[in-house]
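Read from first to last, the chains carry the letters A, B, C and D; within each, the first residue is number 1.
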Amino acid sequence: MNDKKVFQGIIAYPITPFDQQERVNIPLFKLLIERLVLSGANGIAPLGSTGVMPYLDDEEKESVTEAALKQVNGRIPVLVGVSNLTTERTIYHAQFAEKAGADAVMIIPMSYWKLTDDEIFRHYDKVAASISIPVMAYNNPATGGIDMSAALLKRLLRIPNVTMIKESTGDVQRMHYLRRELGEEVAFYNGSNPLALAAFAAGAKGWCTAAPNLIPELNNGLYKAIRENQLQQAQDIFYRQFELLQFIVGKGLPRTIKAGLKILGVESGYLRSPLQPLTDADYQQLEKMLLAIR
Amino acid sequence: MNDKKVFQGIIAYPITPFDQQERVNIPLFKLLIERLVLSGANGIAPLGSTGVMPYLDDEEKESVTEAALKQVNGRIPVLVGVSNLTTERTIYHAQFAEKAGADAVMIIPMSYWKLTDDEIFRHYDKVAASISIPVMAYNNPATGGIDMSAALLKRLLRIPNVTMIKESTGDVQRMHYLRRELGEEVAFYNGSNPLALAAFAAGAKGWCTAAPNLIPELNNGLYKAIRENQLQQAQDIFYRQFELLQFIVGKGLPRTIKAGLKILGVESGYLRSPLQPLTDADYQQLEKMLLAIR
Amino acid sequence: MNDKKVFQGIIAYPITPFDQQERVNIPLFKLLIERLVLSGANGIAPLGSTGVMPYLDDEEKESVTEAALKQVNGRIPVLVGVSNLTTERTIYHAQFAEKAGADAVMIIPMSYWKLTDDEIFRHYDKVAASISIPVMAYNNPATGGIDMSAALLKRLLRIPNVTMIKESTGDVQRMHYLRRELGEEVAFYNGSNPLALAAFAAGAKGWCTAAPNLIPELNNGLYKAIRENQLQQAQDIFYRQFELLQFIVGKGLPRTIKAGLKILGVESGYLRSPLQPLTDADYQQLEKMLLAIR
Amino acid sequence: MNDKKVFQGIIAYPITPFDQQERVNIPLFKLLIERLVLSGANGIAPLGSTGVMPYLDDEEKESVTEAALKQVNGRIPVLVGVSNLTTERTIYHAQFAEKAGADAVMIIPMSYWKLTDDEIFRHYDKVAASISIPVMAYNNPATGGIDMSAALLKRLLRIPNVTMIKESTGDVQRMHYLRRELGEEVAFYNGSNPLALAAFAAGAKGWCTAAPNLIPELNNGLYKAIRENQLQQAQDIFYRQFELLQFIVGKGLPRTIKAGLKILGVESGYLRSPLQPLTDADYQQLEKMLLAIR
């Protein structure tokens, strides 16, 4: 990868918007992608949790992948979520993403039945072997249902194109531990919004976040202050956004980002059932927070 | 429902067997269903967690549903799992199951994004309104990712055809609490194998279990001792199977039931990746347990 | 021990009453002990958690021990709590209890610093070796801060006079597991009130409980139904008391038992700070429950 | 308080050494205090968890308090632990510490019975009203058994001389939340060793730690790098000590600090039972770590 293709800094996660009949709205999706690119994000990650990837069928995932890559058009690197319960379907989507031009794929070991370490390794190994672009191994027990140990992550990193780790447990000690066990040269990414300051302070290479849909200046500002060793300024800018970061995680990213966009006057479409819009009370709280922050 | 259609006692969960190419093996599935009916089970539940329902595509689910109903052929009631992440797909499968002749459907509110109580209620309400057979609301935070409160379950029971509750948290105090809050007339089912004795003692109407694939005499015997008020005998028969029940839950039902069938000389096919067979050490431990128990 | 000295059935835990200056009120304590003996309890356990043992100084513990033994006067067996953070003080109180005539002592490995298994074993071994009466090993991570494994309890049972296990985690699966690992001949006692039905159904020899201060007929009635194999009757009598059992545990035994006694017209004294009486709302809820139950 | 009396930076926690008969060894304690003062610590805190305060009787606590204050002799501020299960004993020790010359006292709401928020507030209020020096409210559910909410801490800060908060849950998000809720002017201290970097990055005023008994240069160096906005240097110096910080917390501070001192050639006495020395394997691991680090 040339420099333009390295994932670092702010990696922005778009939502997947639906129309009133709950069909994916591709034209609107492209507008939302364009907004994120223009906001100054250092990377884009369609089909993440924010993009409700598990609620889409195969065709929809393909359309979203193609639309994102076409819209970004090489301006910044694109990381495509391709996780699936079965190995066969994960390989299918990983190969599709590569052919469509993705710079890397992100894979969380989704579970219904808790997988053994050997099953997880075999799953990553088979998927990674089926493509030639890098893989980001993503640990998030809260959504994926599996908590990968440091030992397992270390083992995954022996697979040649598994080169990045995204940690979303929200525990900075875990990040310290992984960095110490796996070595400083491994590229770590933080996926827990309220941990952004602590994770950057601990040496994370990037922050995977849906927040740039709403407050890109604050997200970019935190990263800038950290790079410039301005700790006091980083604290100030972090505490300004902390309450919002907690809120969007606590109430669910698809609901809150969609509502936040509406508050900002940006069309954001509908959700797919069973997901429903924020309650009125939560909407008003978000509105108050967004107005105060900007 | 006439008496033949009431779910009570031992409700047996079949596995879904695959061939070497990981395609569903319907003829073998029918043989496994027949075995369970002949074992004396009081009900059959295809497409449960044991049946790896979330790992199947739509067509496969339909074939399995039809095969189970055809094979049981009205001898005992059949409960079909129809859970899905989206409301639209859940309605689709619930309607399919009803048309195919299911006596009831089982629904767990699957989550990737944690659902609010209102979202869960709306999901059940829309699905239940789309069919006329009874719905069993299934609570299992370990696999489903959502823990439904007593207040929410109470609310779900106001939907006319939501008439049964299956509790799988494995905490007997939860069962006590629900029974007290929801009333004795509500039909409760226990879905936690190692809790079988305590749950029957607490008044559970049935035990939803994959164990009859391996030890039907012990499962049926426990239910018989309870009905006959033979507490000491119930204890004895429960402690004889307790270690096995813990093992099959701890190591994963699809893996252990498949292995157990093989140990018993019954063809059980293959698993679908990423799920892999038991390790050799676990297989030998299971073999030892099964031989000692029978 | 002759039969009169065997702990089984309902083992009743008295509170330790204080006067308005927060000094231990021994005459009132004796009246409360007498009430429990007359209620039909099968054993008495002063200086348990209900008796706020850790909040008393050495002299107070000695007075309470002597008063309990004098009042019971051999009518039923007496189990005295002697736990302490240091081994030296535990030995001191265990020896005092034996000299005063206790039939057995109860010891929970209190922790500030989490103890290793070796430290816990050594602690029990030294204390047990310093006395000749039996020791009940008590596991209650919620108050004691340590959760003893089955392997550790097995090891403790190798100490000659450690002959009884009291389990208060409130998880019936734990009790199943221990009974299976340690053998049926080991005397198990349940210390979790809301687990009373499930624990007796699982084979517990006794129920360690403060509830007989308020509802002895219901507690004794449950034990009687179990002994007589009347499972339906046991369920009925258990569900009548379940809500109260949850309440007294949830709001704290010293506060709720004291309040309950007052509601029943029995003098119960004061608490020692920082413990304060139930709030008015909780008091009224308890009053309503007690009136409905009796 | 003049500047010399303000708690900030590295607040060092001494162990309490015992002789072979498990009696407190005051002369050795004074030597260990002197070592900490000379190491460059910004404050000293005798009778903390590291100092096994709960395992000492009243007289021993008084001797330790007096010895610490005499030895420090005003060179740096001294914070004395005075927590006790009862309010009466906590007042007693707080008043003793003030008379002996302590600059502040530290109080954790110790629990056997879980205290209500009102009970905790009343406890702090009564103790704080009985003295005129500042109180540090200390939250550590792992040792104290109670987790104080942000709302409760906010309420405690309304008591005039409760002016400092020490947080030891080890969760940096908690620290973010408290700082946001309570305001930046409140003095926060971090009591979780492995969180040192993240807590300083989040704006903590000080780090309460036993580590300066073993690696004062690294502890002081981290604080210096943070004050000088040298984030990269802070990371480097933090990761050099992280493994040791995890180890001393994981294996228990009294055991590991005592062993570490011995490894460094410093006399450190004995522990009080049931606490026992590190196992040989742990001792050797610590030795290896200490040699590698220095």
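Just so we're on the same page, a residue touches a chain if its C-beta (ideal position, glycine included) is under 8 Å from a C-beta of that chain, and two chains touch if they have at least 3 such contacts.
Here the structure is a predicted model, which is why all the values come from computation and not from measurement.
Same interface as A-B, judged by over half of the contact pairs sharing residue numbers, among the pairs B-C, A-D or C-D: C-D. Rounded to a whole number, the gap between the C-alpha centres of chain B and chain D is 52 angstrom. If you average the CA atoms of chain B and of chain C, the two centres end up 39 Å from each other. Shown for chain D are the residues that touch two or more other chains, of which there are none.
Of all possible chain pairs, those that touch are A-B, A-D, B-C, C-D. Within the complex formed with chain C, the chain D residues making contact are 22, 49, 52, 54-55, 85-88, 109, 112-116, 118-120, 122-123, 126, 143, 145, 252-254, 272-276, 279. Residues 170-173, 176-177, 179-180, 184, 194-195, 197-198, 201-203, 226, 229-232, 234-235, 238-239, 242-243, 246 of chain D are the ones that touch chain A when the two sit in their complex.
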